[in-house]
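Each structure below appears as structure tokens.
Next come two complexes, and both contain chain A; in the first it sits with chain B, in the second with chain C.
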Partner chain A sequence: MVRLPYLTALTTLFSYGLLFAFGQMRDFFRKLIDWSKSKGKDLKGYAPICLGLEDFYTRRLYLRIQDCFSRPIASAPDAWIDVVERYSNDHNKTLHRTSNTTKCLNLGSYNYLGFAAADEYCTPLVIESLKKYSASTCSVRVDGGTTNLHTELEELVARFVGKPAAILFGMGYVTNSAIIPALVGKGGLIISDSLNHNSIVNGARGSGASVRVFQHNSPSHLEEVLREQIAEGQPRTHRPWKKIIVIVEGIYSMEGELCNLPEIIAVCKKYKAYTYLDEAHSIGAVGKSGRGVCELLGVDTADVDIMMGTFTKSFGSCGGYIAASKEIIQYLKHTCPAHLYATSMSPPAVQQVISAIKVILGEDGSNRGAQKLASIRQNSNFFRSELQKMGFEVLGDNDSPVMPIMLYNPAKIPAFSRECLRRNVAVVTVAFPATPLLLARARICISASHTREDLMKGLDVISKVGDLVGIKYFPAEPPKHVEQDKKTL
Partner chain B sequence: MAKLYAQTAPPMDMNKNTEWFLYPGVWTIYVLILLLSWLLVFSVFGCTPGMAWTLVNLFHFAVTYYFFHWKKGTPFAEDQGIYNNLTWWEQMENGKQLTRNRKFLTVVPVVLYLIASHTTDYQHPMLFLNTIAVAILEVAKFPNMHKVRIFGING
Partner chain C sequence: MIYERKALARADRCCCCDCCCCEGTRHLVVEVLLVTVILFQLTRKSYKPPKKPLKRRFEIDDLCEEWVPEPLHPPITEDMKVKPPVLESAAGCHTITDGKEVVNFTSANYVGLIGHEKIIDSCVCSLQKYGVGSCGPRGFYGTTDVHLDCETRIAKFMGTPDSIIYSYGISTIFSVIPAFCKKGDMIHMSKLIHCGSVLFFAFCNFQVFFYFKRNDMTSLESTLDKLTRGNKQAEKMRCYIVVEAVYQNSGQIAPLDEIVWLKEKYCFRVILDESHSFGVLGNSGRGLAEYYGVSIDKIDIITAGMGNALATDGDFFTGKVRVVDHQRLSISGYVFSASLPPYLASAAISAVNYLEDNPTVLTSLRSNFALLWKGLSDVPGLTIASHPLSPIVFLKLKKSTGSSKSDLELLNNLADRVLKEDSVFIVSPKRSVLDKCHLPVGIRLFVSAGSFRLVEESCNHSSGRASLRFLCSKPCFTVLICPFR
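Presenting the complex of A and B:
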């Protein structure tokens, strides 16, 4: 459900129209000047590297606000982060790094449980494994790249997630884009949520199966699409589909919303379609013991056929995993190119995940895992409710650590980003084409390592910048008595 | 002042180039931009209101013909060029014809033509230019012209 003030929709469309018109005029004059200058270029007969139109957005819109994206950092992405200062001499066309850094509050990293910086239990074990196994196995899994760390982590992940077996991959994006083609091919049907991540879209395109999309988080529309497709069958021959897979995500990273899992699983079971759950943002971050959306929403893990996740967000490492039944994992180990031909996960990274999972489960002998999980839940709910009280439009469900603040107008994106950086808060802003054209947003990711003072500072800065930039689209609630606030939390 | 909020279900169009047209407020801003440009032309050029409407009509023809019916593809590379042979009009709503948005965009040039020819009292040469403009635009928007390239121009 998209909800925006009508005047804002009008002004946003007008701004984009203006930016587009200016971009086209500059392109026109650039073509004119280039044509009049260069008569007889030495690249005759060569096709241009890109057609003039397909990089229009990058050249004329993205480059103008380039300094808000891809900011280099100079420290581990903990609750506070060192951002490298950059300057530009030609209006953001090229940026140069200086050697100065600013310490900023980090509201942009996916550091849900605070494992991104040095941890008292994990880091010594990781350094030990670096000395023992070295930084890379220099081999694929099937050749010489499976150390006992890898087998230990696979068993641990399977136990943590609640499935019989698991398989690891070195990169999270690749986990989706290489597994989906191995699972379903031509003659199969993939039904994916309309807001799925680019890795899933890539994997679906690369598989050769037919792809259909259902309205975001709507089990009724999914049922409609399933009934229509099962009745029609394959495109021209109308034979029955070889396999139908429905792909959804646990937490959608651009909306912060939880998936409507129980109803979607019920629909899939009714029509006998397989389910694939991508828990990249929800594993380790939601659920009472951190086991993801299945635990949070009360879904039996045996009902989801394939559960995928990444280690980048909550475990402070890199890579991804797939957890499923023993037969599926055995099949994937024999067919998936990411397992057969790609270098295996780096051993210190594997050790980091093992230690992180042990902390979460409490098997390291302390209750830091439970503390972290409680902390992230409290922090997210506190931050979200405070922002909503101030009058911001914040998306996402309760308990979700991802909260996008809606900006809408294209000019507010660099304004918000730069003003926050000036006040030492680092935020991530997202615009078209990662989000729909009208719905640009600033995405806040809360971490368990944020203290209450950090959050108050963040709220203070965001409130001031929000007033400056004009993004408090809803009426603010009158300030309550401070002690009453603390008691309700 | 009480704020008006617009609320919709997010549109299902996967093509990011045309999806923005399905959001609330697009028709309003289109009409408002036309009115604003008439005001601008009228105040800057100091001509008669009829001449201003004719200029708006011709400018509207040039801009919309170029961007809706001539330029093909999308202004970004994320979709890997699957729409590289389709103009914006053909990409709209996945090629479905006679939708509400298409009907709106078909009516607007006709209304502009009527206003322009009425305010110029049907004189030459404005009437001729206006008629040519609206004829070309309307033919380009026929459902039968979907993916048709006359004489292979712009193929």
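Presenting the complex of A and C:
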């Protein structure tokens, strides 16, 4: 959990207040100048398409540090990337690309098992499937968009995850947003973790069901909410709920924490609520054989009703899946709009996932999968422990490849990002609206393709920049050789 | 005397003082009382309405035990168990399903780019350089130079200032609209609009009006007039008209010139979905605006799926710079989701280049429309509901059986028979039960430019004919049609 010291909170609030005041002042002068120039003759009679307040944050806060986000790259998102250099002539309002690139250590991409770049086993198979099936089927799954590859992958995913059947989608975000309305509608209740991803929030809102939130990773609060809701029933009518679905994530991407799955499943079973587990970041990345949090925490997959995941992170492809019982999958294939109306997943991307899963399972005839899994576990634990020793405030649990480092102050976001880039390390900084306003952070994603030297370089740079920017909120551990000297004395 | 006066004066003063004192005391008392009352009120507890009687723990336990949830899915019916045909090769004009080569009308491969060597070559280069996935959202190192080049290329082709690409077609329309509409704004939509889009409007919190059935501009005009006349609020509200250039569920084409005239009269903005008209309509494939000769600046928001004419995946949005930039931070489907795989973006660039270099491909596409129209226009029992120039040929039943479910079953049987016996792959598009679409079901054929050669070949084969057996409940008659004669 994040412990925000009072002084830091005050200074952060003060910084935001100052930025807000400056922004309002500039908006005021902009209005004066625009009024005097009487601009916008061609838009007479139309209400402005973007209201002033809606994009205040974009114009006055985000644009100042725009160079820290959306950095284009000119290579595969592997352990080292070529970041394209950009320049601006108008104080970051517009950025222009140059043809120069800088080779940087990549600590930002979701490349957990290292399948992002061309792979010796996967890439030839992908190219073969591209030549056979072309880049797209131009059709929806239920019409003429299902190929052999799609059916093969659905069976393989079901087998890998440990469920009877699975269904594929071309995009992970749409998987959540389109499936939740198909599962529960008006008269149902969705109880969602307070830190769930935006796609789950959108899906829950669009379903028409009532939504309640329980405190992050707290089975006791979940139990309280369940008891209260079952006893009260639907709002106003007090009829009993049709069904209750509890939605949690395997690894929370902004906190790096693992879900308290065994306790939450026990609570859901006790109160007959259905469970929906979003394993976007945990499938393929955690667990002895990469099967996700269920394997890691010793939960039987039969106890989780719906398991969702994406192929973007650990498999180096795109798309998402839902794995559940045969009947649920049959029902979803008949009902879900994303399956009935959206173009089917691109066949080469499907082949990439098939090959990646075969490598992970060792079915390609080598032990590269086991090596990758061991590598990511060791890398994540090593990096996290070193960062904590240096005095950074690092969130997340052991074994999780996602580690956010708290920054808090808005000025530290661009400082950290730019200084790291200057030293050839590409990091990702996250601020509002992805995180709460006061809790800005830098998020590190470790990959199996990082070598020990890469990690040492990354640690060295982060330590220097951390000292410069002032984000070592905890006391650092004294280095070992000093302690040994003291012992000898 | 003086003393008396002084005494009198003193007495007077004393009286005055007394009066003053009396009045002062009275004031003081009143003020003290007031302060006491205020303090008393402040220290009292605030009024809280009486709470509902709390349930006791054992009562809650009982209720929890008694509660029985509905199953997660309804009972599985036979139509849910139906599996679609599985393709064993690329979904081009010819495809292989069940070990048999068939003529494919289910793939929106309008320009015939599936399997084209230039597209395949650019994808192979891209795969070798960038891998398959982009491993991150656009904001976090998921933007490659290919994405930016693709956006520039599309904007240049369409003649607009800027464009933005999304990683999945269906997410665009429901992500874009909430970014530009908030509570209190107005949206007018056609009843013909794609059902998938309608569903996603559930996410949005603004007034929605359905206005016309068959591209009826008079009904739209009267609705717009009613809403804007005398309504001062209308000037502050953002008002949009959402149309599809070619409607997926009926193959009709929106009358853009009339819509633009109405929009300028009533100060509405137009959102145009060109998924099935981009790369098809217009002399050079630039879509509906080119077809009608309307300037592209007059359309505020243009969006199109790249999974049709461009034979790749994803979606693009094009328009003014301010509008496009606003989306880069506010659209959740763009910000919180991984970007389009780079090889698909490079396929899009190659496809746009091909379209620009080979405008003659559109001529062969149009001749295929005419050919198919002519052949299918006099089939008994079925009627063509689509526009002659639409790339989607939509056949609906002349006389419905009574319910759309039985209509769909009939059409599915028809499609199965045609596939098994005549190796022609056609489908009746399925609808989700979550849809409230009232349009009639039918058979949808996507016409491709690549099938021109196929059509010629079929003419030379004696067995190149399609037969449609119209399965009625009583008489069963065979109709032989030859669209390729």
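Criterion: the second predicted complex is superposed on the first by the 476 of 489 C-alpha atoms of A that agree within 3 Å, B and C clash if a C-alpha of one lies under 4 Å from a C-alpha of the other, contacts with A are read in each partner's own complex, and residues count from 1 in each chain.
Going forward, a contact is a pair of C-beta atoms (placed from the backbone, for glycine too) under 8 Å apart; a residue touches a chain by one contact, two chains touch by 3 or more.
Keep in mind the model is a prediction, meaning the values are calculated, not measured.
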| item | value |
| --- | --- |
| Which superposed partner A:Pro5 touches (first chain B, second chain C, both, neither) | first |
| First, second, both or neither for A:Leu95, with chain B first and chain C second | neither |
| Touched partner set for A:His216, first chain B, second chain C, both or neither | first |
| Contacts of A:Leu459 with chain B and chain C, given as first, second, both or neither | neither |
| Partner chain(s) touched by A:Gly108 [first = chain B, second = chain C, both, neither] | second |
| First (chain B), second (chain C), both or neither touched by A:Lys272 | second |
| Chain B or chain C, by number of chain A residues touched | C |
| First, second, both or neither for A:Asp55, with chain B first and chain C second | both |
| Contacts of A:Leu438 with chain B and chain C, given as first, second, both or neither | first |
| Partner chain(s) touched by A:Val142 [first = chain B, second = chain C, both, neither] | second |
| Doubly contacted residues of chain A, that is, touched by chain B and again by chain C | 50-51, 54-55, 57-58, 198, 205 |
| Residues of chain A touching chain C in the complex | 45-51, 54-55, 57-58, 62, 69-78, 81, 83-84, 97, 106, 108-111, 115-119, 122-123, 126-127, 130-148, 150-151, 170-174, 177-178, 181-183, 197-199, 202, 205-206, 208, 226-228, 230-231, 240-244, 271-274, 305-306, 310-313, 315-318, 327-328, 330-338, 340-343, 345-346, 348-349, 352, 426, 428, 434 |
| Residues on chain C engaged by chain A in the complex (per definition of touch) | 55, 59-60, 63-64, 67-74, 76, 79-81, 84-92, 95, 104, 106-109, 114-115, 119-120, 123-124, 127-136, 138-145, 147-148, 167-171, 174, 180, 182, 194-196, 199-200, 202-203, 235-239, 267, 269, 300, 305, 307-308, 311-313, 322-323, 325-326, 328-330, 332-333, 335-338, 340-341, 343-344, 347, 425, 427, 429-435, 446 |
| Partner chain B, residues of chain A touching it in the complex | 1-7, 9-10, 13-14, 16-17, 50-51, 53-58, 194-195, 198, 205, 213, 215-216, 432-433, 436-438, 473 |
| Chain A partner contacts - residues on chain B that touch it in the complex | 3-10, 12, 14, 16, 19-20, 23-26, 28-29, 32-33, 71-78, 80-81, 84 |
